[in-house]
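Can you read through this structure? Questions will come right after.
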Amino acid sequence: MAIWRVLWAVCAGLSVSSQAHAQTQTPADAAPAEDIVIGSRVLADFGVLDGFGHVSARDPKNPNRFLMSRSLAPALVTADDIMEFDLDGNAVDPRGRSVFLERFIHSEIYKARPDVMSVVHTHSPGVIPFGVSQVPLRAMFHNAAFLAAGSPVWDIRKDFGETDMLVSDPSRGKSLAQTLGDKPVVLMRGHGDVTVGPSVKMAVFRAYYTDVNARLQSQALALGGDLNYLTPGEGAKADAINFAVIDRIWGLWKMRVAATLGKSAAPGK
Amino acid sequence: MAIWRVLWAVCAGLSVSSQAHAQTQTPADAAPAEDIVIGSRVLADFGVLDGFGHVSARDPKNPNRFLMSRSLAPALVTADDIMEFDLDGNAVDPRGRSVFLERFIHSEIYKARPDVMSVVHTHSPGVIPFGVSQVPLRAMFHNAAFLAAGSPVWDIRKDFGETDMLVSDPSRGKSLAQTLGDKPVVLMRGHGDVTVGPSVKMAVFRAYYTDVNARLQSQALALGGDLNYLTPGEGAKADAINFAVIDRIWGLWKMRVAATLGKSAAPGK
Amino acid sequence: MAIWRVLWAVCAGLSVSSQAHAQTQTPADAAPAEDIVIGSRVLADFGVLDGFGHVSARDPKNPNRFLMSRSLAPALVTADDIMEFDLDGNAVDPRGRSVFLERFIHSEIYKARPDVMSVVHTHSPGVIPFGVSQVPLRAMFHNAAFLAAGSPVWDIRKDFGETDMLVSDPSRGKSLAQTLGDKPVVLMRGHGDVTVGPSVKMAVFRAYYTDVNARLQSQALALGGDLNYLTPGEGAKADAINFAVIDRIWGLWKMRVAATLGKSAAPGK
Amino acid sequence: MAIWRVLWAVCAGLSVSSQAHAQTQTPADAAPAEDIVIGSRVLADFGVLDGFGHVSARDPKNPNRFLMSRSLAPALVTADDIMEFDLDGNAVDPRGRSVFLERFIHSEIYKARPDVMSVVHTHSPGVIPFGVSQVPLRAMFHNAAFLAAGSPVWDIRKDFGETDMLVSDPSRGKSLAQTLGDKPVVLMRGHGDVTVGPSVKMAVFRAYYTDVNARLQSQALALGGDLNYLTPGEGAKADAINFAVIDRIWGLWKMRVAATLGKSAAPGK
């Protein structure tokens, strides 16, 4: 799967350098923060996220830091809610804000995967059945081509026994990151999934199409008989196209959530 | 299942005491009435409720009374529609308002379960198939962890023969409450389900995630093969987290229905 | 199934007499016309109707006439679009307006069933699979209790060979009415379904819950194993309740479509 | 299948001659451009298209040219975005605008099928499972009657081995057009589908009902047992009716997207 790493390193590099020119704000870079807001809201709008789940981005100025909202429903996230964390999951400047219990999903993946610039965690309704089932999630079509690389399932019970199911400490995050390996997605039994990518756009794109693909595969399996999934070779080639056309759908999603940005004030803030 | 009772007693106690400070209105306490309005509307908005079904709350000032809307579609309920009932299902101050035929679902559960502070009855489209089927509803993920305690099915035909299917008198309500036992949810064959909780927020949360879980389990069963449901031990631990994070999703739901509150005048009032 | 006839005769009688006082307009009575508009729009809003299908009402002043929109997508119907027809399907005062090809569904059912005051024809997406399948549609829950009386399937090919599938003349309408018999619903193979009732409200209620029930039954069958459908005895008792509570959901539906009534001007009118 | 060709030649001829009178603008004729906008937006609104896919029309003034949007999400297309292409897929007057990689789907079908006046390419979620499965898509009801003529599946791997799945050159487009043959629809394994017709309205109608039909067939197959699909004879007769009533649903769709036309400015334009 070295091709993922190479592609991502290239794209992540481009992404960092092109964003570097626009950086004038501290502590959070404006562009990833804006993309976190757009990604959180569009995934909520599509029902991939409900009141829970989160989108993060590695800090383009400091690879040992990442950006993530304070604890808040994703549909309500604004740029002002973005906080900065180190790779142990500690808030750099907490100012009394509450943080997500499961920030260790993000910190441990950023630690293990230098190529990853963004992490998305969802309770995607399409995907949850595949995390509970023995049937592997496979690539149904080119927009979900990244699934052709494989979609491992992490069962928290294997390393930690009977738990509250949450990735609420670094050891659980590390175990999850190990199961993710060099793949773009990992399913979490009885919980949801995590997608990663070389930019917020790609990690969000993958969260969306992982959900779509899971629903399509469920429908296809219900038809009965053998299915012609994308081969790994097709998957690698088709995913490169997804990188190239991401801005077409991102532009649409940006417009889709633009109308909701006025309603950004979170309750009890 | 004693852990539910303990947790709920604690939470119900906290809930009552924190609400006690805000109580200035009679006959209905403002906070539960507001939560009944929000819960009714958000469940209608999600399609868990349609034109029928109801949300109630035990009166925090008087455990022998409960609050419930006059007979009205849940999407239209306002605080002004909330009436008070005794535990025999009699309206305390009817003033000619029409009441729900099935208020005995609520009165008999409040009688049998001192720990319960709220009851929700729905015709949840996700759940109805499980009430008609022999396949038990089981916990697919942590947000529906409360289902790991079991989800009994009440068949009205068992005690009452061929009926109109409604819980329209105290004896039917009592039979239903007996099947519920100490669980957080009971399915009703050919009808719907009832969820209970230590607060309106938790009973509504459970009504929502019972519906979501049922849809996810249907999809997972269609994939074929064995499924890794949450174990009872995982369920108990994970549900404690749901108590802790309820306000994150409740805040979102409150904003979701806020826009509809202007359209609150019920027809023919 | 004589119980349906008795109940409907009673309700139809009540309906006619209560509406009689309000009749001042000609040629169409205001109340059924308004209910046709509400029913057409709410079924379109729920996706039970798309660009096709129609709702009609027997003229409360003249049992040998019925009211129906000119040929128009149901979401766009206004009271001004309602025309009057005789029981041979002829427009009483056409004034050059285009009429539905399938008005004979309605005319022949009004001829065969004096108890029927309203007819709804849809291409309900939930129901079409049952018209094509050998699996009978059965009552899953009390709101669809009327299905416990049975749901015959009409196959146009049986009497007419290979056709364009449409009920576009009186002989096809008569054949359909014969298959309907004394039931509240008939499925049409490769086409859709027809529901009837003692009022527009009840025929629309049945069209809606036939669609909901079909989806629920599909989900329940997918779970595998035996299903506990409503018995005919339960169905008859529960349907009587549906008559009693129809205004609760009708009031909700009326509010739901009220916002769309401003957009009533049909294109090219 | 000669009947399709005859019908389409007639309709296409009528369409061209009636539009010819209205032609005053260059380079693109106003009527097909307007229908491309409506079709793109309504298919996006129904979820048949997401951020990808495209609607084209043969130029009514020049059968060797076709009209298609610049590279843009279909929900954002305006008449100003329509460009003209020759049958080799070259933009006639590019002016620096980016074009769709997959325009060869359109160019090669217009070359191979003189009767075709419009082509729609989607990633229809209902249809993708059938492109991956061995189960043929068949006509469930009269609105999808055109499927009774057959729905071939094109597997890009057969002629081209492991690719990026895209129809990004003329040879791939030609191979796809050969599999389409004289049918109204072709499925693309791991990708989506293409529908064609004698007008934009009909090609869009077919894209919509291909998606609806696929979902209905999935549901019907899940019920188990034999299914009574439309016969080819029924399909041919019923599809002729769809031509006759297309304006009823097109008028509805036009109103549906009218509200979105104000939001037509594409991002980054």
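Brief remarks follow.
All chains are identified by letter, namely A, B, C and D, in their written order; residue positions are counted from 1 within each chain.
Keep this in mind: a contact is a pair of C-beta atoms (placed from the backbone, for glycine too) under 8 Å apart; a residue touches a chain by one contact, two chains touch by 3 or more.
All values reported here derive from a predicted model rather than from experimental measurement.
Mostly differing positions are employed by chain A and chain D in their mutual contact, as under half of the interface residue numbers are shared between these two copies.
Superposing the C-alpha atoms of chain A onto those of chain B requires a rotation of 90 degrees, given to the nearest 5.
With centres taken as mean Cα positions, chain D sits 33 Å from chain C. Centre-to-centre separation of chain A and chain C, using mean CA positions: 47 Å. Shown for chain B are the residues that touch two or more other chains, namely 222. Chain-to-chain contact here is organised cyclically: the chains close a single ring, every chain touching exactly two others.
Contact between chains, using the touch rule, shows up for A-B, A-D, B-C, C-D.
Of all the residues in chain D, the ones that touch chain A in their complex are 50-52, 71-73, 75-76, 101, 123, 125-126, 128-130, 132-135, 155, 157, 162-166, 189-192, 218, 221-222, 263, 266-268.
Those residues of chain A lying in contact with chain D across their complex are 139-143, 145, 212, 215-217, 219-220, 222-231, 233-234, 237-238, 240-241, 245, 247-249, 251-255.
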